[in-house]
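What follows is a set of structures to go through.
Shared between the two complexes below is chain A, which has chain B as its partner in the first and chain C in the second.
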Partner chain A sequence: MSDLVLENIGKTYANGYHAIPSIDLNIEQGEFIVLVGPSGCGKSTLLRMVAGLETITQGDLLIKGERVNDKEPAARDIAMVFQNYALYPHMSVYDNMAYGLKNRGVNKDEIDTKVNAVAVMLGLEELLSRKPKQLSGGQRQRVAMGRAMVRDPKVFLFDEPLSNLDAKLRVQMRVEIRELQRKLGTTTLYVTHDQVEAMTLADRLVVLNKGHAEQIGTPMELYDRPASTFVAQFIGSPSMNLIPTAVKSEYLQLGVDIRLPCPQLADQKLIWGIRPEHVEICAAEEADVMLSVKAVEALGAETLVHGSLQLGDGNTPNFVVRLAGHHTPKSGERLPLRVPKSAWHLFDAETQQRVEKSCN
Partner chain B sequence: MSVHFPQKKLPYLLLLPQLVITFIFFLWPAEQAIEQAFYQEDAFGLSREFVGLDNFIDIFQDPQYYTSIGVTLIFSFSVAFLGMALALWLAVMADRVIRGKLAYQTLLIWPYAVAPALAGVLWWILFDPSMGPVALWLETVGVEWNHFLNGDQAMILVVISATWKQISYNFLFFLAGLQAVPRSLIEAAAIDGASPAKRFWDIVFPLLSPTTFFLLVVNLVYAFFDTFGVIDATTQGGPGVSTATMVYKVFNDGFIGLDLGSSAAQSVVLMGLVGIMTVVQFRYIERKVEY
Partner chain C sequence: MIENRPWLTAISHLSLLLGIAMVALPVWVALVASTHPTEAFGSGEIPLWFGDQAIQNWGAVLFAKAGNGIDAPVWSMMLNSLVMALGITIGKIAISILSAYAIVFFRFPFRGAAFWVIFITLMLPVEVRIVPTYEVVANLDMLNSYSGLVLPLIASATATFLFRQCFMTVPGELVEAARIDGAGPIRFFFDILMPLSRTNIAALFVIMFIYGWNQYLWPLIVTTDDAYYTLVMSIKRMLSVEQGDVEWNQVMVTTLLAMLPPVLVVVGMQKLFVKGLVDAEK
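Take a look at the complex of A and B:
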């Protein structure tokens, strides 16, 4: 039986706005699920609905088989880490962590044991008597997590918990959160807009777009077989190159250099997708396409080359190439590129949905 | 940052009206009061005699002065407590309202615009023993209301009318304070299993403490020094001296009793009090209350 089940969950505000039309999701015990999407996609709303901070206007929410739609947040046995940490500023670190236990009538000795155990786990022993404002961002983040962990809830909810930290600390905390979650084995629902965070943390990802789930799957499934152009662009950085094209008389009309018979896709408008990292430089006579270089970003381990493709049909769509190591093409130079057919993604230009390529 | 005027005199010229007003209406009368406190003057203002500290010694030996201090303390703390408690309650309610929020908030601010004398008269009419609707209603529930005879009832009446005026002001500050409490804190407390009442007392109320402390000082200053109009319009300090606060006694002794020396000495004592309260206010509020 799944641990956390969202069945046809939807949210319509009193003013008639459909924030979330309908979402189905089964989360297994101990699974780390990341809800990811651009701002305004409904991911935080969905999380808050699970927490009980927003009402659910449609569908059923089950925690361990029990329907909790109408239960108060406190009765759902969940714990939440907020984006701004939401630490009680007038309480010490200890009291912040103990507050939830006190409210549940746990006796003093037990509270003491639990808080200390969590403090040791998070390296907060020295800070227990401090007030939140005497802590650094990373320490506050830890206290917020400690407050969630100390109650040993059925489900952890994280609402963009790392977005207020600097880049270095974010990477460090990301690893820590993943480790802790593995160790505790608590089912987790995590919201972020950062796709790197999403990819690295998730057992399974839910990509949300305008309140509906574009795709649910493991990070690698989403990377390898994005279900739509939205997912294709959202997962992976820099994002996938998408070039509108068409099939005419069984040939993909990309230009003189690429021709591929596609009998199944007759006279259809398509989008051709290629990840920047799946392109390689080759000798001019082997080239599939030519890239006219506009700008080069050298990052040491890799080099990003921004430019435009010189297609036979006269179009010059923007294109990004990600090359390993050092490369120093000049602006204006023409780079011959090979695009392996295994790296192709095809999407229907109308529905933006993935088209299975079976045309080799 | 400093601003440079090309002419040296212009800034002073621009300041002059304010300085003149401050001097004529604040500094000069204050100086006069201090001077007068050391003199004994006849009722017609024709002659006066230097008496040193006699006026001060007199008032501190006068049991009536201590009565007025007691009246002032009871009155001030009642007004401050009631005014703040009710305003906080109203602010919490208004903060929860979703529809017509602005209308409620606007209506709740109106009493502040009513002149003190009018407010006094309003309550005086409502509680008038022979025709006031509230007094008549009280009679039907078995309370004999006559604030002309009953000192405690007179006190209740001035406290009510002084409080009513101050609620709007307190309300505004509490509402702003409530809106500054991050929603996520309350949500976190809800997830932590705190009932709505517990959330308020454990989280919201402590976070309001800077506002509460500021309002406490402001309200005490108001009740001490700024309620002459309300008292004069409602009870005139009576019956007897049961609602004569220190400020009212200054007026009563000086302008009714024509004992200008004693009245001036009392004013000087009040000046000292204002000074202390101002120091408290700046010392603690500027630094904000720590939580």
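Take a look at the complex of A and C:
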């Protein structure tokens, strides 16, 4: 039995605005699900609906097989970690973690045991008597997590918990969250707009766009086989190069005189995509396309080359290439590139959906 | 701003000293006058140094009957004033914190209207509604009673407004975190909201206590029984002598006693008061 089930869940606001038309999702026991999407895509709304902080206007929400649509947040047995931590400023770290248990009428000794156990797990033993004001950002984050863990809930909900931390701490906390979740085996729903966070944390990802689930799958599924141009651009950094084109008589017509064989597809308008890291530099005579370099970002381990493809006809779409190691092409230089067919992604120009037939 | 101009420093010090003198001199005069016998004022001269009657005067005023036919000693009037001031203060804080809580955190029909109705009562202080309020209090048989002194002054738009502003700065996530932690409305109010508005409560306590203590018109109207006289109104009564001299020494003792509690409250709660008005602890 799935642990957390969203059946045809939807949200319409009182003013008639359809925030979420309909979403179906089955989450297994212990799974780490990340909801990811740009701001305004409804990911936080969905999370808050699961938490019980927003009403559900359509569909059913089941936690361990029990319908909880109309239950108060406290009665759903969930715990939530907020973006701004939302620690009670006048309570000590200990009281912050103990408050939920106290309200549930757990006896003092048990609270003490539980809070101390969680404090040890999170390395907060020394800080138990401090107020949130006296803690650093990372420590506050830990306390917020401790407050969620101490109750041993059925589901953890995280609402962009790392976005207030600096970059270094974010990476560290990311690893920590993952480890803790594995250790505790608690089903987790995690909202973020950061795709790196999403990719590294998730067992399965849900990419949301305007309240629709564009694609649900493991990070690698989404990376290898994005279901739409939206997912293709959202997952992976820098994002996938997408160029509108068409298939004509078994050839992909990239430009006036750039034709790539593509025998299995009927004539149609397409969007052709390739990830920057799958493009290769090659000798001029083997080149599929030429790139006119505009700017180079050297990151040490890799080099990002921004430029425009020379497709003839005055058609010069922007294109990014990601190369391993050091490269120093000059601005204005023309780079010969090979685009291996195995790395192609094709999308329907109308529906923006993936065209499954490969050209091999 | 740091400036180093000697004449500016001199002038600012001078004006400060002048200000202090203007405030402190009457207090000094009152203090000195309270130590002289009644006859000392007959000549029309105001003594500026202490006399030898301090203990007799203070003792007489505090424990014997206050002068000019008032049938109660000053300590009992102080007690009345204290009961009234504390009643008004605590009542105002309790009522306004609850109404602000309702207005900010609960969604009910005419919530906005309720707030504005409370707000426009700012335009209706006791002085304006004194006749109808008296009528109501008289009909309820509350003349000459503590409840009559306190209840009509207990609602406060100012305090409601202040608490509303304070509550609106409480982050929404905090409210939600408390909901998830299983805190219902009452728990949330006592466990989270009250501690968070501690400094605001203190600031209001100071303001409202002084307001309550200094009430003059209302106690003058609702009390006819000497046992319920408050200190501030009896000073006036002690001054309106028909025959003979005003007993200035006793009046001054009473005045000083009337000044004391507000000063104590302000001094005692100074830190919290400033904190409550200036910074938000969230």
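What to note about this one:
By definition in this document, the second predicted complex is superposed on the first by the 344 of 360 C-alpha atoms of A that agree within 3 Å, B and C clash if a C-alpha of one lies under 4 Å from a C-alpha of the other, contacts with A are read in each partner's own complex, and residues count from 1 in each chain.
Please note the rule applied: a residue touches a chain if its C-beta (ideal position, glycine included) is under 8 Å from a C-beta of that chain, and two chains touch if they have at least 3 such contacts.
Just so it is clear, the structure is predicted and the values come from calculations on it, not from any experiment.
Taken together through their common chain A, the two structures put chain B and chain C in a clash.
When both complexes are overlaid on chain A, the residue A:H326 reaches neither chain B nor chain C. Touch criterion not met for A:R67: it reaches neither chain B nor chain C. Residue contacts after overlaying the shared chain place A:K248 against neither chain B nor chain C.
When the shared chain is aligned, no partner comes close enough to touch A:K108: not chain B, not chain C. In the superposition on chain A, the residues of chain A touched by chain B in one structure and by chain C in the other are 51-53, 72-74, 78-80, 82-84, 86, 88-90, 99-100, 103-104, 147. Of all the residues in chain A, the ones that touch chain C in their complex are 51-53, 72-74, 78-80, 82-84, 86-90, 99-100, 103-104, 147. Against chain A, the residues of chain B that register as touching in their complex are 182, 184-185, 187-194, 198, 202-203, 206-207, 209, 291. Put simply, chain C touches chain A in their complex at residues 171, 173-174, 176-183, 187, 191-192, 195-196, 198, 281-282. In the complex of the two chains, the chain A residues touching chain B come out as 51-53, 72-74, 78-80, 82-84, 86, 88-90, 99-100, 103-104, 147.
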